[in-house]
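Got some structures for you, see below.
One chain, chain A, appears in both complexes that follow, with chain B as partner in the first and chain C in the second.
Our next item is the complex of A and B:
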């Protein structure tokens, strides 16, 4: 109670502090760049040629970032709902036979490259955010499903036995014991899906989804390295921050 | 009171428990002992229907347990297992409150009960209430596990190797605590163990199981002096028999009028303690606290199968 959770060998503590400071700096830098991009123009100008603009201004970078995050959040929320639901279902007695089917469905989602999903979805759904949402949703199923399965099946046997022996109903066991204990593992799966979706979402801009990919593609088309760098760095820093946020949450929950 | 009638469990054609019948009177302890694979744990788990019997029935105070929904039955029966099975994400207080919460007790009543149990098991409530299981020692975890089993004041408590993970010193005191608390609460207790010493120390009746059969179900003295089968005799072990027998009787029961020198022995000490004291101090007789003596001769007689002062008939007998 007196020592914080991060307390450990001095080495570890030092590293944890450095990591936290680095993350805080990255978050502050990202916020500053999104709010006042022009202030960073001198920094990026060396990457431009023939007086090209150093900062992407076609669409506000802040708006693109929010669109990007919303798309990822929607896709991951949908993946998590289906994958966790399937994971719960196939670990209930009487539904075990559906495990191979559920596994096939979720791994097909992972096997199909998102680019292929986009190409196939555009004729059906048209240009815009729809195909990207679908691609990210399918791509995110597997990690969450597999982790849900692992979390729910690796319950310590004595704990499972005690929960039954105390007189909990199957639903009470699921809600009060199995899910809380599996939550850190499930969240690790969601983290994986979220980080993958964050970077994969950039290719959505090839079919007119509004994401930070727009900046990168504009840079590639006009040979403007400054655009490519700012799009890439913003996505990268977002991924780091989301990763760190999930790790923090997982640690808190698995105390 | 719990009555088991012709209870059988088969998996396919293999019988794990075969036609077992026994009765445990209210407030008594029945210790089921046997090697691993003898069916003792399956028998225990059929009482709260964690295992569904193939045949036979279990009556608790006259009610056939098959007539109750299993989860409601289990809330009435305390259950403590080896490795305690505490919920790692819940505090000590929340763990103990598991069954009362399932039964819908109000918060004040639950809090009072949790504190009462923690105090009973010598875990100061203010200090332990909000700890998580991993912050406890093995002995403390085990005590919380038993507290949880007793939380809703069950009249019947089932224990499966509850002290299996404890070291011998903590184990002995845990057994003494259990005995004291069980006597105070008047709980009927069925305990499974592979340790014959533990069965002798706790059981009012001992049930010896082997390969699904209940070979003998009798008081410890009868198990020692009249083993029903060679397997029972082998399980007890010939080398420890006299000492087990001595540990079943209190000094006060064989004390005779007289005087002796040296430090006295407490009246509620066992004859085994008295023998140890005689041998260690080189005396032929010990004064008993509160008057009388116990002599080495009397101890020697009491350590023989035909010499017990209160040698009752081998009640219960073999079943199956």
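Our next item is the complex of A and C:
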């Protein structure tokens, strides 16, 4: 994004403010919808036919959202722990034998379609939240691992030299120098995993996981567009908010 | 790359650590049941290892596979030899799967199912990882990599045609619905490539426009970014009533192929997801053209349109190919969702299988999808690398 800029910094700042206000409004709207969904019924009624209910009431939308987020958080936390651990391991001197393999596996592994991974997890775990958790976990490993590798292998050589010159042990170098420098890149990987997981978790409802996908599938089965839209919009707004949160965190940490 | 294969200091035995990992995975695979036998498609099955399926031959094959796995543990072995052993091991695992299925299926029994179990998957994984590891350590010329890829595709086609695997459950499902499979495969390819084509046709001009008129950038890229956050299930679902309504109200739309059912809504949803990578890569590619190049072209007396068409767009080719890779791999995977909304494709097997808890049917949909995504990803990676290499040599 190094294009000739006609827009000056003040314009950029104005745009950033507009973006922040839009995000705050989206968050407030989402909270209001989840707490008082019936208040939005008139808005969604035009999307229904034959007097079908405009708001999904089988399960509380708030509960489904919390389940959805919990599933994603658990999966991403687990994949971040393992992926960062493995990334640190294969960049240590004794374990560099694994580096070429690690690179190949991450690039090939990311071509596996998430839906296929989800479907293949069912025979292992049965129906329910289990296969979804497993699929989100496996699929989330790759972007985080890839970024951990990138962050830890692309450090400026001068920094590593300086740390060594100060007499730091390898462990000190890792914790006090390498990891803090790589953190924004690693976080970008976690963000990617979280956003993918948020969307893939909706498909988990086809194997009976309790997520917002339940609302969308109910809408598909009963041809109720209002259900499809409310499920989709809630997940979409959550994705936008999580994305913005991570970007903010990455900027704070790299500044 | 060469020092990486050497034993690390401090270890007394010259061991290859990745080799040890592959051997462990493979040996666990050999210890677990290779296949699962079920009297019919639905009942719970019982596992059978190599010896149980093939008797004395089974023991011999298991010993040979174990020896191949253990050979990889030695550090002193060229990557080429490693690759040969790993490929032979992969082939042997598949052959043994077919043989075990043939031996366990009672003659003339069309109901019994023999499906690959944990043992087979781990064994195949161990050899595939060993092959990937060896490949990453060999410096192959592009044509050699292409030859390997084509060889692998030909080998898979030959094995499937030979009838070697015909007694394996997935192939039984295939033979039971051969015609439907061909139709869904064609549909899946149409969805993935059709949406890619449409995204290129619209996305490239849009990318150029966004680059030429910077004011458009925030709006267009922002809108396309928001499309990406809509979960695939919802986007596919919203397309159905939307185009149903369009087909019913806009005169001529239905005649032009617009419909709320079938493949059309899925095609549009995939197209919408494909736009962001195409447009943003086009913008990035155009922006990355050095100002000196542009000035030189303008200095030669080229008009602004000529500079764009003859100088800048050709220079964006590698970035555009990268976008094609992203879109194609993503669409092959996302097209599975079309199966859920009646759009066809391999997804219809996946979701039918999930509904009937018939895992063989799920595999019939999932395995070709994965193979297709892998093949496209690797082929386009090779193409991008080749293009970069040529450019690097030219510069």
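Criterion: the second predicted complex is superposed on the first by the 238 of 255 C-alpha atoms of A that agree within 3 Å, B and C clash if a C-alpha of one lies under 4 Å from a C-alpha of the other, contacts with A are read in each partner's own complex, and residues count from 1 in each chain.
Following the convention adopted for this analysis, a residue touches a chain if its C-beta (ideal position, glycine included) is under 8 Å from a C-beta of that chain, and two chains touch if they have at least 3 such contacts.
Because the structure is predicted, anything quoted here is derived from the model rather than measured.
Once the two complexes are laid over each other on the shared chain, residue contacts for A:202 go to chain C alone; chain B is not touched. Legend: residue contacts after superposition of the two complexes on their common chain; A:217 is shown touching chain C, with no touch to chain B. Once the two structures are overlaid, the count of chain A residues touched is higher for C than for its counterpart among chain B and chain C.
Once the two complexes are laid over each other on the shared chain, residue contacts for A:41 go to neither chain B nor chain C.
Once the two complexes are overlaid on the shared chain, A:168 sits against chain B while remaining clear of chain C. Of the two partner chains, neither chain B nor chain C is touched by A:24.
When the two complexes are overlaid on their common chain A, residue A:116 makes contact with chain C while staying clear of chain B. Of the two partner chains placed by the overlay, neither chain B nor chain C lies in contact with A:32. Touching chain C in their complex are the following residues of chain A: 1-7, 15, 47, 93-101, 103-105, 107-108, 111-116, 119-120, 122-123, 127, 195, 198-199, 202-203, 205-207, 212-213, 216-217, 219-220, 223, 225, 228-229, 231-233, 235-236, 239-240, 243.
Every residue of chain C that touches chain A in the complex is listed here, in rising order: 1, 4-5, 8, 10, 16-18, 21, 129, 132-133, 135-137, 211, 214-215, 217-218, 226, 229-235, 237-238, 240-241, 283-284, 286-288, 329, 332-334, 336-337, 340-341, 347, 350-351, 353-354, 357, 359, 362-363, 365-366, 369-370, 373-374, 376-378, 381.
Partner chain A is touched in their complex by these residues of chain B: 48, 50, 71-76, 79, 81-89, 98-99, 102, 132, 145, 148, 158.
Those residues of chain A lying in contact with chain B across their complex are 156, 158-159, 161-169, 172, 177, 180-181, 255.
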